[in-house]
Amino acid sequence: MSELNEFFNELNEECGIFGVFNSPISSELTYYGLHALQHRGQEACGIVTCNKGEMFLKKGEGLITEVFTKNEQFHEGENAIGHVRYSTAGGNNINNVQPFLFRHSTGDFSLAHNGNIINSKELKLELEREGSIFQSTSDSEILAHIMKKDQDLNRVEAIKRGLKKLQGGFAFLIMTHDRIYACRDKNGLRPLSLGIIGESTYILASETCAFNSVGAKFVRDLLPGEILTITKNGLRSTFYTEKCNNNMCAMEYIYFSRPDSDIDLVNVHYFRKQSGKYLAKYFPCDADIVIGVPDSSLSAAIGYAEESGIPYEVGMVKNKYIGRTFIQPSQELRDKSVRMKLSIVKQIVEGKRVVLIDDSIVRGTTSRKIVSLLRNAGATEVHLRIASPEIKFPCYYGVDISTLDELISARKTKDGVRKEINADSLEFLPIDALKEILNRTELCTACFSGHYPTDLFSYGKKKE
Amino acid sequence: MSELNEFFNELNEECGIFGVFNSPISSELTYYGLHALQHRGQEACGIVTCNKGEMFLKKGEGLITEVFTKNEQFHEGENAIGHVRYSTAGGNNINNVQPFLFRHSTGDFSLAHNGNIINSKELKLELEREGSIFQSTSDSEILAHIMKKDQDLNRVEAIKRGLKKLQGGFAFLIMTHDRIYACRDKNGLRPLSLGIIGESTYILASETCAFNSVGAKFVRDLLPGEILTITKNGLRSTFYTEKCNNNMCAMEYIYFSRPDSDIDLVNVHYFRKQSGKYLAKYFPCDADIVIGVPDSSLSAAIGYAEESGIPYEVGMVKNKYIGRTFIQPSQELRDKSVRMKLSIVKQIVEGKRVVLIDDSIVRGTTSRKIVSLLRNAGATEVHLRIASPEIKFPCYYGVDISTLDELISARKTKDGVRKEINADSLEFLPIDALKEILNRTELCTACFSGHYPTDLFSYGKKKE
Amino acid sequence: MSELNEFFNELNEECGIFGVFNSPISSELTYYGLHALQHRGQEACGIVTCNKGEMFLKKGEGLITEVFTKNEQFHEGENAIGHVRYSTAGGNNINNVQPFLFRHSTGDFSLAHNGNIINSKELKLELEREGSIFQSTSDSEILAHIMKKDQDLNRVEAIKRGLKKLQGGFAFLIMTHDRIYACRDKNGLRPLSLGIIGESTYILASETCAFNSVGAKFVRDLLPGEILTITKNGLRSTFYTEKCNNNMCAMEYIYFSRPDSDIDLVNVHYFRKQSGKYLAKYFPCDADIVIGVPDSSLSAAIGYAEESGIPYEVGMVKNKYIGRTFIQPSQELRDKSVRMKLSIVKQIVEGKRVVLIDDSIVRGTTSRKIVSLLRNAGATEVHLRIASPEIKFPCYYGVDISTLDELISARKTKDGVRKEINADSLEFLPIDALKEILNRTELCTACFSGHYPTDLFSYGKKKE
Amino acid sequence: MSELNEFFNELNEECGIFGVFNSPISSELTYYGLHALQHRGQEACGIVTCNKGEMFLKKGEGLITEVFTKNEQFHEGENAIGHVRYSTAGGNNINNVQPFLFRHSTGDFSLAHNGNIINSKELKLELEREGSIFQSTSDSEILAHIMKKDQDLNRVEAIKRGLKKLQGGFAFLIMTHDRIYACRDKNGLRPLSLGIIGESTYILASETCAFNSVGAKFVRDLLPGEILTITKNGLRSTFYTEKCNNNMCAMEYIYFSRPDSDIDLVNVHYFRKQSGKYLAKYFPCDADIVIGVPDSSLSAAIGYAEESGIPYEVGMVKNKYIGRTFIQPSQELRDKSVRMKLSIVKQIVEGKRVVLIDDSIVRGTTSRKIVSLLRNAGATEVHLRIASPEIKFPCYYGVDISTLDELISARKTKDGVRKEINADSLEFLPIDALKEILNRTELCTACFSGHYPTDLFSYGKKKE
């Protein structure tokens, strides 16, 4: 697959979150932080800034550079949280854009969420029965409602109570008048890391690459099940449950994260390169050149080339100026549309046997198009090597993997997929290879294996 | 005063609302309807469209022509409600922009509100105690929360229950999957009228002028305390209380409404002209010309001229191209800023004794500037006649009248005001004249008299 | 007619010009000046600023408040000229937007033009034969080309040479590195006035109302045929010909100018009111109310009412929020479109015999619609009084009067027009009345009389 | 260097041009073509469309996706030419944005230009002496003026006469009512290629990568000195001089062009990879990893790695969402600004001896920053290999290379540069290597060698 899919709506995560505690330029830092996380969501974004307890919200549809266009739009304030969002699901609806800001007599608070709550439907029904009403179709509002149902609890207890009810993969930032709470789900499915600028400005980010963009140093990843409270007095850590394990989503390594991010101390580019090497070692082939689908498959392609000794080439170029405002081609040009985003370098490819590295296959449509483009450009053979296992199961933890019917590997054997894609050979990275490369046993590979790290009482009812 | 005040933030109402039931172009009609109500709020606006039960929201800051810029932004749907808003109080905050859209398992619903809830603070606290959380600082969200607290009630009963708890002046449009509810407060403080296009497309609007803009015929004003339910089966009317009376806000006649609107069957221009005649009859003066402050004082000025026989002149011109995007003058030009909005016609004014008609005086700053501009242009005398009584008390029903301290007539005698404004003479329309001209006994004149038509248990606590 | 026509494209002038010499905030002043002249052109605008000899251009389509949206867009510089334009004729083309900026080895210069050059086609051909090429379809570029054809002439001589060749009505501002030249055509058809701020900041404007907006005092009107040179050393005046006369365009009084402007020391509102009185005196009628078509016919209506004793009423309201971004109604609503711009006050009009005052009739379509709206609202009689003579001839001096065929009064007798418009009676202001009211003998009334103050060697060939 | 420089204003070409002859969707094709050429200019762009002889211009500042935002902005027409521009030199000035459109009695025509005219100053002076005036500070207007000076010549003769006078590097597209002329300078400095869609739609583009984006097939490169005339009757070729040679700008290979473009039948990625191999072969070093500065140095880095056997790594990531609207960091963050655009992958770099491949060094500032970032990230050694020779001389043919003083290699020895950049070793690609790899003897290497392929009578006077 590749970031191209971004365009083809094949595989999408929903968010990136970022927070700043204790900086005179908290909004500005959040802007740059979200900018570094922009690859996690291009549809909408927002920042809530807290200035001596008072909260200001600015959000909108578009890239962070489209929603914020001048310095004056940065509200003053010492703390801030922000969010980038892939889709404005449920109607093109500003209500779904985060962070959410809640006005409350005991103090306003704000919330940003990355991930997915499996039992959101049940929880919403239960809350509605008690009189709650929701303004978004997002499941991210739920935690705030649960927290407020029992007014006697102190804040951390309320958050614990809330998180205990949530099933799924998630990371939350909750900002109140004088602090930020950062939380991760007990299975560690979605990432969240802590950084620091100087001695007392704390940074929270979905990916470590965002620390670079604001000059922060990485401190540590949050732990599964952790609730980290950041106040003027420093950090305090607690857990909402004792049953935690570290099932980080494998797709974060394979596809979502930027290569310069580290997840659980393993660098993403490093992982991808190793996965390419693995493919070369176990699934070699006789070919003249190695090509990666830009941008997310390049590291794996480099690894394949290095291990196999087959030259690595830039055989495809992706147009980097395609964005939301791109005018879609008219009917006459429709079938040529791939060429506007992806251009094959004919001189490189012509007459060559090509090893094509892609990061994943979802529906298979993109892969088929790319193989076809390569053959049209004169490739004599196309051997497809996928730097992930076969995706056969839907994801319930925040990755927008299409329904079972649309997953080509759920419908077809490997050879069936190969035929549909029209590749000369096709191989996938085995599930075990993932764990071997990462040198860890805990890892969420549910979309490959069907083994979900959480209970799925709503399985089958989701996404209807 | 005058619409200029709009610019000087002296006197602002908060909203206009508009609804369409049963038209294939409900969104488009709402656009034109809101356009006709734009004078009631220029800061933000929105439309919620209901298409076979599914709701779509589009809202934003700016004029209706700025938020909606192309046809494709009109969602398809048979019913729609819309809102124009004066201010985005509580931080420049999209959360406060209406209509509100609530997602609920029993069916989404949407709400648009004009007016003010006096006991909002108490109600919010109570609701919060039961676990509700609010996303806006607006009091308009409250009704939705109350309605949903008791799930066993049918919808109309839930609305009744909600409205009974609200104190203040208000008009609501509530749209559910197959109907629109239109409600007015039991004191009839805020206006709401029903119109019709053809035989079965119903229109609801804060002012009758909006009917013209969509080709609708006026049917009737909603009654105080009425809940009108509009469904495919037609209209059904009920009341949430029996203790109703018709205390329409006098300021609707004096200042807010467009001259081509009728309120309780009395035309606004007609009323204003009569008020000018009354002033001429009871507070004559020796002068050469009559001038009105544009635009809302022109009708009264015409009346004064007609009754007195003193020629009516266009002695001031208002620049009609001033809007949100106007670049504020630099320090060097700051003190000249009135001239950019308001230009005195020197040739008309020079050497003349002027009767200046304004619709009201709030803080007195604008009046002082205008008198000064007239004198600089050569007026030898300036006699100010105000087409409303002295504003001495704050309003709690949706008119954003500044705090007591800022009301010049609350601080000073009539002669004190005259001196501060530097007029040669100053007279106000008596309270009784209002009722005489309108030929009604019930009318809210609280901002003049201090007699509020509702209980004010939170008096003094408001707006702190 | 009325400003409504603006919307109906019936009658349009092409420009307003504004210049500032010697102010540290020349760009900003030009912004406010153009803002006051915005009624003379809403389609496009621009400012050229001269900073120590270096010139900066910013221009675009839209209102001045749309093209300039932040302070930083004001270039620093001591001198500036600006332009507002009605149409971007010749294709929606940025090349036609003024001021024009020319880059030249002897010093850059810039030019803004209001008016029309009759012999532009011949002059362009001649210039092209000598190698000139034009980048706009506007005739305003011509003067610059002529000026540069003979490099030996000093600048004033070059301008003289150029102006001598031009036939038509025009006003020019020409800015070079250290001065501004202001010029008017020898027949005085188009207006241009000089103002001053403090002791040494000179202001030039198409209309005196723009002086108010920048705090300038009126000094004097430029004379027909005058070339005024403004330098650091002060003013110097010369004439490009001795055969001058003062045939100011009557339409400036009747329609174009803002009521607070003075033209040749006569105030525009005053003139219009007098024209209304004249109509009342010579063309009285039995009626109940007098109504003016907003905004440009209101002064005349006031005059008619005052003279006749018939009450003046606000019987129509114009929606002031209609602008470029207004979404045009769909087919279904098309025929109702007038209502969105113009709303009849039914309560005022119903059952009344109406005197309707309009400023002019061009094609008659608008008038017919308005009469029809009045009748629909219940007016029993509609007596139309037009505050100008019958328009029977095209204008070649900068007023975009449609072709002969489209001028209803060129095709029909007064009674024929009355019938088509469906008025009960119809009267026009006589040509002589214009001169009588203005107390002048020289005045361009060519569109009424067919007597053109200039030679028209290209007559009949224009506008093909 | 790298595309980063784009951001640091170190090295910029001025344009890309694109033309379509004979397609019902010529404007739309031009949009996609310019989109593929966007890397050649991001500041401004425009399209002129010819519809049955009538020309329409739309141009503006920003990316093609910012200037054209909806389908309706594509004018209908069978032929079109377009332009993307790096800078709006001479003041942020819409007048300098191309294509230029000239209105002429013998037929409008339009012109788009890539390159630089050395003797523009002399030519402009000469033209001005004959009465020409210029509206841009661009040298691209000159050809149009020369062409029109002698009206008796037929069009091709006029173009020939014009081109003969021009010295420098250039490619022109000239569109008249029924044809397009495409021209290249006699030294072949700037590229221009011909493509075809179907049988009769001709495409012209600065780079062959644009053919892919519209589904066109490459036909051939235009020849130095060629004037290609495209009409309904097909192609006709002529030359404006017999003294032609093929001195293609080496920087097109090294830096400007997209890797998927072919120049004179040599693929750009291929060339770059070979240059990396050459560096590895002749300037080896003991290191652990090879890193390329993204994006333009990646191909060379791949080549270096392949030849040397040192692993190629993604050691830096460039943020792809930086654009015009990016808010510049406040003073507090200013010195950290590189990090927002370029992020070092610490886990990859730490403890490693790095070979860093960059495409060129201009001022050296960027290189110094990158070396410093690498060392901060823990690189123990940084060996810099530059895939081009030392830039010691300014360019006069369209590449915006800073003045001599700013070129670090013009001021310092190789070792001096190394010290300033703080690299452990530094090597450049020799000039001869360029020709060897490209297997050609003719190539403009003037910025490296000082040997200019054209006369430079204005040498030293340029760019003062």
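Per-chain residue numbering starts at 1, and chain names A, B, C and D are given in the order in which the chains are listed.
Just so we're on the same page, a residue touches a chain if its C-beta (ideal position, glycine included) is under 8 Å from a C-beta of that chain, and two chains touch if they have at least 3 such contacts.
Bear in mind that the values here come from a model prediction, so they are computed numbers and not experimental data.
Visitor: How short can a path of touching chains from chain B to chain C be, counted in steps?
Guide: Shortest path length, in steps: 1.
Visitor: Farthest chain from chain B, comparing Cα centres?
Guide: That would be chain D.
Visitor: Rounded to the nearest whole Å, what is the centre-to-centre distance of chain A and chain B, using the mean of the C-alpha atoms as each centre?
Guide: Each chain reduced to its C-alpha mean, chain A and chain B end up 47 Å apart.
Visitor: Starting from the mean Cα coordinates of chain A and chain D, work out the distance between those two points in Å.
Guide: Taking the mean C-alpha position of each chain, the two centres sit 36 Å apart.
Visitor: Please work out the Cα centroid separation of chain B and chain D, and write it as a whole number of Å.
Guide: Averaging C-alpha atoms per chain gives centres 59 Å apart.
Visitor: If you look at chain B, which of its residues touch at least two other chains?
Guide: Answer for chain B, listing residues that touch two or more other chains: 70.
Visitor: Taking the top-of-page definition of touch, could you list the pairs of chains it picks out?
Guide: A-B, A-D, B-C, C-D
Visitor: For chain C, which residues count as touching chain D in their complex?
Guide: For chain C paired with chain D, touching residues are 54-60, 90-95, 100-106, 124-125, 128-137, 144-145, 148-151.
Visitor: Quick one: in the complex, what on chain B touches chain C?
Guide: 25, 28-29, 31-32, 35-36, 38-39, 63-66, 68-71, 209, 212-215, 258-260, 262, 266-267, 269-270, 273, 295, 298-299, 302, 305-306, 311-314, 316-317, 319-323, 325-327, 329-330, 332-333, 336, 339-340, 343-348
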